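Read the structure below first, then the notes.
Naming follows writing order (A, B and C), and every chain is counted from residue 1.
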Amino acid sequence: MSAPASTQKTTPGGNAVLDLVKQPIVVALILIAVLLALGEALSPGFASLQQILRLAIVAALLGIVAAGQNLVILGGREGIDLSVGGVVSLSAILAGNIMSGQDGGILPAVLACVAVGALFGLFNGLGVTLLRIPPLVMTLGMLGVLQGLLVVIRQGIPSGRAAPALSQFVSQPFLFGLPGIIWLWIAIGLFMAFLLKRTVFGHRIYAVGSNEQAAFMAGVPVRTIRVALFMLSGMFAAVAGICLLGYSGSSFANVGETYMLPSIIAVVLGGTPLAGGRGGYTGTMAGAMLLVVLQSILTTINIDESGRQMIFGATLLVLMLFYGRGKAMRG
Amino acid sequence: MTSLSASPQRSGFAAAIERLPFLPAVLILVVLIALNGWFEPNSLGFRAVTGLVSTYLALMMLAIAQTYVVMAGDIDLSVGAILSLVNVVVIVLMEQWGGGGLTVLVACVVGILTGLACGLVNGLVVAALRLQAIVATFATSIFFTGLALYVLPVAGTPAPAAFWRTYGGRILEIPFVFWAVAVLALLLVALVRTRLTTLLLAVGDDAQGAFQSGLPVVAIRIKGYVLCGLFAALAALCVTGDTASGDPLVGGKMTLYSVAAVVLGGSALSGGKGTVVGSLVGALIIGLINSLVFFVGTPSEWQNLVQGLAILIALMAGVFVGRRVGQ
Amino acid sequence: MTELLIRGARKAYGATLALRRGDFDLKGGEVHVLIGSNGSGKSTLCKIVAGSVKPDAGEVILNGQPVTIAGPQASRALGIGIFYQELSLSARRTVAENILLPDLPMKGGLFVDRAALASRAARYIAEFEGVSGAGFAADTPVFKLRADQRQLVEIMKTLATEAPILIFDEPTSALDRAQVERFFEILKRLKGEGRAIVFISHRMDEIFAIGDRVTVIRDGETVATSNIAETDVPSVIRQMVGEHDEVVAAPPAAPAVSGDTGIALSVEGLGGSGFADVSFSVARGEILGFGGLHGQGQSAVLRAIFGAASHASGSIAVRGEPFAAANPRQAIARGVAYVSGDRGRDGIVQGRPILENVTPVHFLRNRLRIVRPGELQKKAAGPLDALKTKFQTIDHPINSLSGGNQQKVVIARWLIDRPDVLLLDDPTKGIDLQAKADLFALIRQLAGEGLGIVLYSSEDAELLANADRILVFNSGSVTRELSGEDRTRYNLYHAAYEAA
């Protein structure tokens, strides 16, 4: 069909409230509020400030991984990064080994981990652009390599520990009562907003993700952008790995794997469809928080693990029905 | 953008790959078999091959399962969870019913029905409700895992002897797994000739065109998911026979391997191009890479890395060669 | 006898009205031609009947009964078969499989009956025996076929429906003369069998050779139906063009191109995929028209100059400096601009704000890194106003605009920083008359400012009204140049159709 598919409709002022409620981020925020209220009713103290902060720390870890995932997905052409889980684990172990409990090791650890994350992102990006390997296949293969690398590193050197300052940064109040990792997440949120809205690079991400051919015809360096997105994804995953080390104190096997698919879900729940070209990071932050609150409330309810998982899976499906649906075949 | 017009003169090899897209995979397989034999002559012995097949039969089945959705351009990240669910359902039923010959069979049938039902759920969610396949089947995989944990909260219940003895045993002096492979081969030969296979591939090629031609695209995609559920259930029976116990999380790690096997077998994740034979070969490639890495004497801590690298390279090479030669 | 009536069919995509009011009637035993310029709504009308587009309003009456066509399957069940202009083939399936895809012969309830498939498909393949070309066989996968051969497969697939009503939406655009003749023989036979046939084509000679009646559709409205025997080419064209006709009558006087204005673009012996040995030059201040039937190499030449396609031979110079762009980026840097008529594919960034659709070229030409929305808005406002673009705010998504305004936004992106050369590749495809008028007024003004402009248009009226000189393309080469007094509709048609 040659006519452009209209995805957005401009409705006259009267439906402003309805329009607002349809925004994924608003849906996510409302659901977070509802869940917190529900949790408070079920188990008093669930929505206490301290508890919310604890949840926010967990959400920040997921949210930082999801930042990179978000960028890759925004870039379109089935963009997805399955290797983030591997990079998170690798970075956590690497950072632990480098700093081995010493504050002085933090800076070298951060530099090394971010560089390693970028390097794996570069490999992914080159495979996807130069060899035109589908992102799912490329990053899936890379995940296997990373998992192998983890075994090698873990065997060679005794498991490292987080520097005290890092642990403090992640879990103790840092500024105005908020832990450092929350500030870091806020900073990343601001950075992403600036990147996507106020830089030429950001505008080009949307152009490439929405209509690669049109972007190419308007002079956008499509390949360079795509490689950069995968590198950023690796770097964010590396940062998340370091934070995870701080959160758990010491590194252990494959901690990052649990972030792979949830990071994608957080992006989708935040209103960025897997097709790319639309959405942003603010929604993803809400999506990450929503996931964490949902999981937490399921832990609070007095049911066993099986019931929790079933409710979690079913809830995700229902949430996706709100804004994850594709176009009908009939125009 | 290069022109896609096909030149009439093509080398014989290229033409052969066009007809049989799994040919590069078969070549890789042959090379791997040769290398395995070179480094460990015993690995080509009857006993070793039987062991390899009984270990990797489940992955072959799971790769075939994945193929039926990939053909139509979909994906199923819940195959591992379906496998786990069927595994525990079968184990628990066999235990509760006493583990006699007939009850084992009935339990297997219930297991297969469970797989079909899971496939149907996936199909409805992805094709009828139009959710994005990757995230939707991830969500259903969480749900199926929950069900599996409900059926059997912790791993460990053993399979009755009648079951695993059959799987590991022999009929007419030929190992059971070879009979299974033979039956599987017949089944696949039949399935290749069904109208459904042709329609799945047509949908994967151009869903809009298929729809405009009057094909029931949604129903076709749902059937693909149902077939996927069927083969995931068969994979579960293999796992049950191989491990002889129930584990609600046993399939989790196998999902991504099934995707890798499908791609190794020359199928395109974008749909329209895929063969079950290729996926079967792809699963064997993964198995042989793993054994080769062991036979060449890789230090144990390096084995995973070498395996990962080998699979990554095989994946990249497969996609690259497939595109160079095919469309 | 079959009779199909369509009353008041209407379809809008967002703000774009694809079909305003479609009225159409079709009888058994006739070939009913539907004609109209690109984007006038012909395909939408056909797809409504075929069930693949859901109409917003209107009714379909089949043999006296109002029917609801819920989808392509329902349409088939009602006895309607359609040839899709964009084809509905499965690239990796074989010719035979494609022909019978919706109705594969079965055996044993589950399996494809290969023998029956081969024999049934052979019937339809045999219809074009001798003209289907090399490499065309029942077991050839469709992706290995040439464009004309794929079109033949789609024709065979339509014939295989054996439906009483057959709709052919531009089935001959890639076919050669022998293939068209064979196709027409088949159509005549089917007509004799009492089938009702809709036929769409842009070639006047074909329409008058095969049609019994002709319905003209313009800007989404069917305007007239007449018997072919009682009408002629000029009256059909008058109905197609409508109010344009006045403009056509008087082509503008060619501007005096004096020596000192210089050459904006010159092309020598350019050859590549779809064109060969094309040479021309455009003076600053001149609008050079590319004419001829659709797809004769006009777009291919423009895309090659812009670096969006490669060229095998020849040379290009912009303002006298030799230049060869490996990609659009390099062409843009050298001051070459290109506007595609396929704005959905090459132009708009869907779902993004108008502002973001105007700025990408500005970013590139000024090597910007940071976005300053206030400043950009001011810069974008100029060209948008000059084109009289109508929009609520510049932050609204581009999809909220009508087709004409979307195209204005795409054109505005090239005008923040003035290019030296402006290549227009059928820029008015599917946009409304007012938008066309606004656009051509601006293009003339830009020429006056010293740009060299190349305009390819599939609408001859547009070319005649706006181009100072016209090169007529045929099979990838320039076959005639029309300038000054020679720029008449007659000459243009003659040159375009003579070898086709």
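Definition applied: a residue touches a chain if its C-beta (ideal position, glycine included) is under 8 Å from a C-beta of that chain, and two chains touch if they have at least 3 such contacts.
None of the values given here were measured: they were computed from a predicted structure.
Asks: Please flag the chain sitting at the greatest distance from chain A, going by CA centroids.
Replies: With centres defined by C-alpha atoms, farthest from chain A sits C.
Asks: Between A-C and B-C, flag the pair that has more C-beta pairs in contact.
Replies: Higher contact count goes to A-C.
Asks: What whole-Å value do you get for the distance between chain A and chain B if each is reduced to the mean of its CA atoms?
Replies: Whole-Å distance between the two chain centres: 30.
Asks: Averaged over CA atoms, how far is the centre of chain B from the centre of chain C? Could you give it in whole Å?
Replies: Result: the chain centres lie 45 Å from each other.
Asks: So which stretches of chain A touch two or more other chains?
Replies: In chain A, 329-330 touch at least two other chains.
Asks: Multi-chain contacts in chain B: which residues touch at least two other chains?
Replies: 208, 211
Asks: Pull out every residue in chain C that's touching 2 or more other chains.
Replies: Within chain C, residues 47, 52 contact more than one other chain.
Asks: List the residues on chain C that touch chain B in their complex, please.
Replies: 47, 50, 52, 72-73, 75-76, 82, 84, 87-93, 97, 101-102, 104, 106, 110-112, 114, 134-135, 141, 143-144, 146, 157, 273, 309
Asks: Under the definition above, what is the set of chain A residues touching chain C in their complex?
Replies: 1-10, 197-204, 206-207, 210-211, 213-221, 277-278, 329-331
Asks: Per the contact definition, I'd like the list of chain A residues that touch chain B in the complex.
Replies: Result: residues 78, 80, 82, 127, 131-134, 136-138, 140-152, 154-156, 261, 264-265, 268, 273-274, 304-314, 316-317, 320-321, 324-330 of chain A touch chain B.
Asks: Tell me, which parts of chain C touch chain A in their complex?
Replies: Contacts found on chain C: 13-16, 18, 39, 43-44, 47, 51-54, 71, 306, 308, 327-329, 332-333, 338, 340, 342-352, 356, 359-361, 363-364, 368-371, 373, 392, 396-397, 399-400, 403, 406, 413, 430.
Asks: Which part of chain B faces chain A closely enough to touch in the complex?
Replies: Answer in residue numbers: 75, 77, 125, 129-132, 134-136, 138-151, 153, 207-208, 211, 217, 256, 259-260, 263, 269-270, 301-309, 311-312, 315-316, 319-320, 323.
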